[in-house]
Amino acid sequence: MRAVSTVPSALEPAAPQWRRRLRAERISRIGFAAAAGLSLVVVGLVILFLTINAWPAFVHIGLDHFFGSTTWDPEGANHHTQNLQPLPFFGSLTPIAGSAVAVILALVIAIPVGLALAIMIAETSRHVGERVLRPAIELFVGVPSIVYGYVGLVLLVPQLERFAPPGQSGQGFGAAAIVLGVMVVPTIATLSADALQAVPSSLREGSIALGATPWQTLRRVLIPAARAGIISGIVLGLARAMGEALAVALVIGGVARLPDLAGGLSFLLKPGMTMTTTITDGISNLGANPKAEAARYLLALVLLVITFACVTTVRVVQRRSEVIT
Amino acid sequence: MSAEFRIQVAPEVVAAVNGEKLPAPAVETRGLDAWYGDFQSLRKVDFSAAKGRVTAIIGPSGCGKSTLLRALNRMNDLVPGYRTSGEMILEGSPAPTDPAGVIALRRRMGMLFQRPNPFPMSVFDNVAYGLRLERRWKKHDLDEPVERALTRAGLWEEVKDRLSRSALGLSGGQQQRLCLARSLAVDPQVILMDEPTSALDPIATLRVEELMREFRDEVTIIIVTHNMQQAARVSDVTAFMMMGAGRAGELVEINSTIDLFNRPSDRRTEDYITGRFG
Amino acid sequence: MNRRARVNNALAFGLIRAIAIVFLLLVVYVLLYTVVQGWSELTRGAFYTSPPSTDHAGSGAGPQIFNTFYLLILTVILTVPSGLAAGIYFAEYAGTGRLVNAIRRATETLATLPSIVVGLFGYALFVQATGSHPSRLAASLALTVIALPYAVRITEDALRSLPTTLRESSLALGATRWQTITRVLLPAALPQLVTGVILISGRAFGEAAAVLFTGTVGTPTAYANYSLSPFLPGDSLAVNLYVFRSQVEPGTVPDAAAYADGVAALLILLVLVFNIAARYAARHAVRRLQGAI
């Protein structure tokens, strides 16, 4: 019989090297937690600095004017007091309406295309989907958004100009919507494809076994089952379209005018502005017009609130779907 | 109850039962309870594993076998919502619960998992991993302990020419023995095995089982297995677990393997080993 | 009924396929068009070496190329340690408490925040509040705000995708969590982490709005130097593409349009390089870990 190993049964007490290892353990844990907390600190700083800088807008412009007027003329170039002093207007309804119209149109384009691509990736040939489509879409995500704007300007706008009324360049809501739509397609496509692929194959096979066609299976089983992921993709796509600035600035024309929805589809070829392009415009004279600058910070705050809303929506949608499944 | 064996038992186990007394326990639990959140996974488990012997834990799936095993080296502490109460005794004294003590405890207990899981590094670095955790080593000072551990795991001849190459290039059976060598390198008193051969082919399984028998008297082995033949082949003592009320795992019976399989004292054990359920 | 279902099926999938193919062709056409359009600029040596000019044609984007990579490297240096540490926290330590929840939400919010808002915030904090002027450092900090949440998510996903038993084997040998993370988990996750860093770099170098507010002053001709100081202002290729296509008055820069074509083509080619590099790095690292090399 071999000897039973003679290891001391009492576990050794904390030696100096033990203390060192445990200290490293504690310190590293605190360090990791601090790094994670950095995000919270940054968000806090964003809220703080945007609010501080937007403060003059609360005081000197007033929320009733800011959210109540459709006239955006921060320099007072087109409006005068009775003694011919420039009279600035800071009505944010024009940029807000512009953003809303551009984003909704972009989603009208991007949702069908994104879903079609997602279905191609997830439900038709796996080989083509994972080997060709997904890498291609990842490549499109990587293309800087400003390049999309540039292409919209040199390729799309001249085409649109041919349909535009005389004197119009072709820049406008139509061009902005197409550029934004193309940019947002990959977001919707990848998240929806992930969601479709996450549906258990037993559901798919169960439906097919009942004699349903692939399309019926998709429409009645898979898309409802993947709803949370698809909605998340659309909401995040919306956030991305809402937040894109420079690409839109290149193609929307940058004129402070409400989208003229009453005049049929002609507004597509007329220039306008969005929240982001209005902020972008401020770059050329930072520090020159404090009130206008404060108004732009207030617009940035509005964008921040919309971002919060989008993130929260995604959270709620995802949590609901977890509860159900 | 018939006297003939229902299941073939290893010869040294037969010898052991015929007169040899079991050594004192290396590990014991008394009234061990465990919860995952609100779900009680173990209820009042009194388990013990004799020093230098092989103890098997069998039972239907979901009966808490793995939870018990992982409670022994406090691996479950990492699971959010997990808590435990009851006594745990190592070689006669209470097991430590402070952070340093838990690390020391884990070091004394090797662990082998269902799937072989060598670290993505060289064969040598895998085996040296445990030794390097405590202090810095000169590279050639490690040669001897690494070779010894690999030899004990029956792997030295197969890997001595490829020590510096990635461990992920080994076959599944070799990888599992490498994991064994990795544990052996730090000289554990106990090795916990969680269905260690379920991912291996029959020949690789046999190699691992042979090794377990070679470690008799040197190392205490506790093995969770769903394979009753395996429990009979390798273990001196077998514990049978089952889900009790509220699906909490309970230890039904623990006895020498030969007695448990041939003269089960509990009706439920008999039902299980005769295949009436589970 | 059955027949109609089959017809519907064929129609629906035909339509889906058509939409997808048309979109893909469109995007490929756009990318090719851009590269072809800018090709004459890309094949001109001076494009890479001379600075932009406002008074003669034939200028280049030399300082902008230098600056783009400068910002990229500085951003990666600032992002990787904090992103890695935060990702480790979420994957290895974080529970489900309220604070952790708030931090997760903050990270998601940062990932979704419009870059123009980050730019304005960066201007307010890094430029205005510090009493300095736009600089490469300020631009890199703004880019870090944008890149950080991606770094966190990539790290967390990479660590979560590792088998749990890898973690447990290390702990079972008496390793502390710190030792487990540094000696086993991070090396095992390296392929994904390298790929992630490359993809983040791709994001950072294409970002224009944040840099516009934090890094640039005046016209692109102001940056004709290759100094290494982080306190100098600096624009990038992406910013240039915007500036030359929107703010430069027609006539002041003779070849503004051609220059923009070149920059756009260069950006697309760089995106391709980054994507291929990321794929190659991932594959190479995987092979090395599996012992084939």
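Every chain is named by a letter (A, B and C) in the order it is written, and numbering of its residues begins at 1.
The criterion applied here is as follows: a contact is a pair of C-beta atoms (placed from the backbone, for glycine too) under 8 Å apart; a residue touches a chain by one contact, two chains touch by 3 or more.
Protein names from UniProt, one per chain: B = Phosphate ABC transporter ATP-binding protein.
What you are looking at is a predicted structure, and each value in this text was computed from that prediction instead of being measured.
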- Determine the shape of the graph in which chains are vertices and touching pairs are edges (line, ring, star, complete, other). complete
- Query: Which chains are joined by the largest number of contacting C-beta pairs?
  - Reply: A-C
- Query: Of the chains present, which has its C-alpha mean closest to the combined C-alpha mean?
  - Reply: C
- Chain centre separation in whole Å, for chain C relative to chain B (CA means): 48
- Query: Could you state the distance in Å from the CA-based centre of chain A to that of chain B?
  - Reply: 52
- Approximate Å spacing (C-alpha centroids) for the pair chain A, chain C: 16
- Residues of chain C touching 2+ other chains? 176, 179
- Two or more other chains are touched by the chain B residues 103-104, 134
- Task: Please list all residues of chain A that touch 2 or more other chains.
- Result: 21-22, 25
- chain A-facing residues of chain C, complex: 5-6, 8-9, 12-13, 15-17, 19-20, 23-24, 26-27, 30-31, 33-34, 37, 81-86, 88-90, 92-94, 100, 102-103, 105-110, 112-118, 120-121, 123-125, 128-129, 145, 148-149, 152, 176-179, 181, 199, 202-203, 205-209, 212-213, 238, 241-242, 245-247, 260-261, 264, 267-268, 271-272, 274-275, 279
- In the complex, the residues of chain C that touch chain B are 95-96, 163, 165-176, 179, 183-184, 187-188, 288-292
- Within their complex, chain B touches chain A through residues 23, 51-52, 90-93, 96, 99-101, 103-105, 108, 134-135, 187, 189, 216-219
- Using the touch rule from the top, collect the residues of chain B that touch chain C in their complex. 73, 75, 78, 80, 103-104, 106-107, 109-111, 113-115, 117, 119-121, 129-130, 133-134, 165-169, 179, 182-183, 186, 192
- Contacts from chain A onto chain B in the complex sit at residues 1-5, 7, 9-12, 14, 17-18, 21-22, 25
